[in-house]
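Each of the next two complexes has chain A plus one more chain, namely chain B in the first and chain C in the second.
Up next is the complex of A and B:
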């Protein structure tokens, strides 16, 4: 594989609160290769959005990236000047956001907001920018693009707004497009269209995509590689096929198990992961997933696991790993997934 | 921006304002004639001289005839009548000339209100919780806690006595005088506009702080726009929407505040005439001034409502 276009190393982002610092992103490292489509999944508060915002230094106050590096073209984006990072934003690395309703400025015309992305980097004259905007709107399949450019955001539907956001992201043909839950606010049919569009753009333009989502289905449909985050850390990463087939971290395994299935036996209860996401102000000792993990062992309560390559290209940070859980704890036929159920380490037996 | 619907809306509003103006002048006409005594009494005239004057002004006719003549005069000729105190002085040109003077002072006061208020508000918001923010916030609390006549008296003290070389110690407004003379225009406008500028500043600050946390500001940053472009083009226009809401009452505050300020600085405008004519019991002028005020308040409200259309494309009439 070619050299990575983006190397994130030991990224740490903290939010200072009255009770002390909350580490939202804790030692996150990953590579992004040219033209690939990488998924980052995790539940709310797992640090996936903050990871993306940290790359472009867009973390809102009181957040601060306190350590690590983000290497892009031999430059550490965390070290360059404000003017340099401004030039990179939108030109080399573009980002689109969750809610297209609130992400477009209500008082400016949609077309103008796309023109602006080009004009800000002196990529075009206003006239050229407008021509390209119409071209981009056509490319993201907005009907009657010539007249829609003059519409205000409130005159567009939700799906069209997100398409316009994508057009804005693609305006300067960036090398990387970060999509932060771009389909969450849209209904299912529109979601599918947007994902298809992103997939096409990824293939046709060779734009590398970082897709941030809490939806495993989105990852399966779009991405070739996936990173699973839990409580600010990467718990598993690897090729999508392999991870869907043989997840190694109990959290990934639980996530995949909790996807409702159309072919399931009727009246079967939806499976969920018991417990709550941990309080990042006081993260649990040892493995952060141990309070919710059915396969936990004594070691999990005290020692923090590190990412290790379990299968070629597939990394997981778990003392047990699902290969062993399947072999020794009968994971494939497990009904009771309450914490410690499979390993026998029940809540009452834990002395904190 | 202004569609056909907007033009129809404007036309409707103007018709309504016309009705309001006629209604206000009628109430004032009837009200002032109910007051005991009249303008001529103060001249201590006796007998036939008094009767001759009463007849000259038509004051000896029944009230409904007087009222009818007044309405016909206003509607057909725009004629508000003749002054009772300065015989032969026609009210309409007088009031229009005074309106021009007041508009100059009031317009500048409005410029202070909006311009100064917005600039201070934006700076305070951009430097939130720094000494600059505290300084500006404190200044604006002082500003809107003080009535305009206190500010006026203070300005006269500073610029008329302590720094009298700036003003020559006089504040007399000259028609067609030099506009750079701070005593004749700038200080009165400042006194009139500053309390309202303080309100606008606080509102702009709060509204800016709200807006810069919005998702579309993050989008603008992610696009790689310059910070100045983000503030001016993306944040300020959205932050102005709540400010416009309060602009209606503020414009009316400036119009009514001019009554006090014009008397303070000796400005021969509508406000000074307002007070003077009531003291003189000069019926025709009182009615004329009230009519102008009613028209101004109506038009100011209309302009504020139209400002929404300019600022916020989601609003259409």
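Up next is the complex of A and C:
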């Protein structure tokens, strides 16, 4: 495999609050390879968006990236000057956000805002920029691009605005496109179109994509590799097929079983994960998932697990791992998936 | 907690159950000035059977929330009739309507905006009981605590305020409030859309348990077809103010009879990489037309992959009719879907 284009190592981002620091991203490390499409999934508060913002140093106050490194072309993005990171944003690494409505300036014409992305990096003359903008709008399949280029954002539908944002992201042919929940605000039919577009761009232009989402279906359709985050940490990562077939972390496993599938053949009760995500001001000791985990053992309550390679390319941070849970705790035929149910370590037996 | 159950087991009454709610030719137009109106709901008829969950899906702006509010009597109809059993709700006014409202409750999407931040959870849940003077004093307190227990919250949380709870817990509070008067119908308007995936499953299971326990009937409105299909006995699909298809929830997925339903189903991402890669997306061209000036004939004809233009699709409006065994669709060419 080629060398990674982006190496994130031990990334740590904290938000200071009245009650103390909250570590939103805790020791996150991963690689992104050229041309691949990597999914980062997690629920709200899992740190997936803050991870993306930290890469480009866009974390809003009172957040601060307090440790780690982000290596891009041998330079650490966390160490370069403000000017240098400004040059890299939008030119080498572009980002699109969830809400295309608030990402576009309502008083400037859409085309102008895309031109600007090129002009800001001195990549083109105004005339060249406009030609390319129209070409980009065609590329993202906006009909009648020559006239739409003069539309204000409010004249475009939600789906078209998101297409315009993608066009803006692609304006300088970046090596990496980070998409933060780009389809969450859109209807399913529009979502499907945008995902297909991102997939095509990924294949045709070779732009590497980091797709941040809470939707496992989106990951299944677009990504080749996936990172699963829980409470600020990576709990599992690996090739998409392997993670969906044989998840190794109990969180991934439970998450996949709690989603209703539209193609299910009969009605089965959803296996919901009990409890809720931990308060990051006071994260639980040991493994952060242990208060909700059916397979927890004593060690999980005290010792923090680290990511380990369980199958080639597939890493999980779990003392038990689902291979063992399946073999020894009958995980596949479990009716009761309440905390500690499979391992016998029930709440009452936990020593405080 | 309850054992896993199959949906069939929940429904002793089955498909032959009598109608609890009947909606006849209901229209809701909102004036938007200059004599124009938004035709949010434009002539729909259907029934909700006793004890069933009827799912209602459609894209934003199709009128599904407006329809939910019309059923719950939170909005007056422009024309048409809504019956609860044999009582015509749309004719009732004042106190008589108010008394009927006890039977119709609603759970809203946003668990943050739908609870008054200055009331305690106990007061929020007690409010319907106080309004209708059902009970008071110790009995009221006991009922509030019972309701909290029923929705899976600690009964001693009644003195806390909404901000002390997470999104999923607040949605449970909203459910407890809806249950307080023992209603017969609960309209769930995007009740789980704002919740995280793992919490969604908890609330879906809770709603299913409560339905069995209290013999509730749900109108379950959501844009997420996978959740709707999971929870519903029958699914109804809306497009631009009209119902385009109603069918049993398994049937509608296996054999959709309207091209819009088929396109909608093809767009849903399935959490399975192999299925997802092998899927063929039916791309809808163009945008959803404006409900101020909907297209002539079949409203879907401007985006329909199988439309015959101009006739009949752009000229004759297809009626919602029974195609096979209770599977209703409004399409001239449903056999080709």
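As a convention for this text, the second predicted complex is superposed on the first by the 343 of 352 C-alpha atoms of A that agree within 3 Å, B and C clash if a C-alpha of one lies under 4 Å from a C-alpha of the other, contacts with A are read in each partner's own complex, and residues count from 1 in each chain.
To be clear about the criterion, a residue touches a chain if its C-beta (ideal position, glycine included) is under 8 Å from a C-beta of that chain, and two chains touch if they have at least 3 such contacts.
For clarity, every value in this text was computed on a predicted model and none was experimentally measured.
Enquirer: Applying the touch criterion given at the start, work out whether A:260 contacts chain B, chain C, both or neither, answering first, second, both or neither.
Expert: second
Enquirer: Look at A:271 in the shared chain and tell me whether it touches chain B only, chain C only, both, or neither; answer first, second, both or neither.
Expert: After superposing on A, A:271 lies in contact with chain C but is clear of chain B.
Enquirer: Could you tell me if A:34 is touching chain B, chain C, both of them or neither one (first, second, both, neither)?
Expert: neither
Enquirer: One more residue to check, A:107. First (chain B), second (chain C), both or neither?
Expert: first
Enquirer: Quick one: chain B or chain C, who's touching more of chain A?
Expert: More residues of chain A are touched by C.
Enquirer: Identify the partner contact of A:157: answer first if only chain B is touched, second if only chain C is, both if each is, neither if none is.
Expert: The second partner, chain C, only.
Enquirer: After lining up the shared chain so the two structures overlap, which partner does A:193 touch, if you call chain B first and chain C second: first, second, both or neither?
Expert: In the superposition, A:193 contacts chain C only.
Enquirer: Between chain B (first) and chain C (second), which, if any, makes contact with A:116: first, second, both or neither?
Expert: first
Enquirer: Looking at A:56, would you say it contacts chain B, chain C, both, or neither? Reply first, second, both or neither.
Expert: In the superposition, A:56 contacts chain B only.
Enquirer: Quick check on the complex: what are the chain B residues that touch chain A?
Expert: Interface residues on the chain B side: 213-216, 218-226, 229, 233-234, 237-238, 311-314.
Enquirer: Any idea which chain A residues touch chain B in the complex?
Expert: It is residues 56, 58, 60, 86-91, 94-95, 97, 99, 102-109, 116-117, 120-121, 152, 154, 165, 168 of chain A that touch chain B.
Enquirer: Quick one: which bits of chain A touch chain C in the complex? Just the residue numbers, please.
Expert: Touching chain C from chain A are residues 43-44, 157, 159-160, 187-189, 191-193, 195-196, 214-221, 240-241, 244, 254-256, 258-274, 276-277, 335, 338.
Enquirer: How about chain C: which of its residues touch chain A in the complex?
Expert: Touch list, chain C to chain A: 1, 3-8, 59-60, 166, 168, 196-202, 204-205, 208, 223-227, 229-231, 250, 253, 263-277, 279, 281, 283-284, 287.
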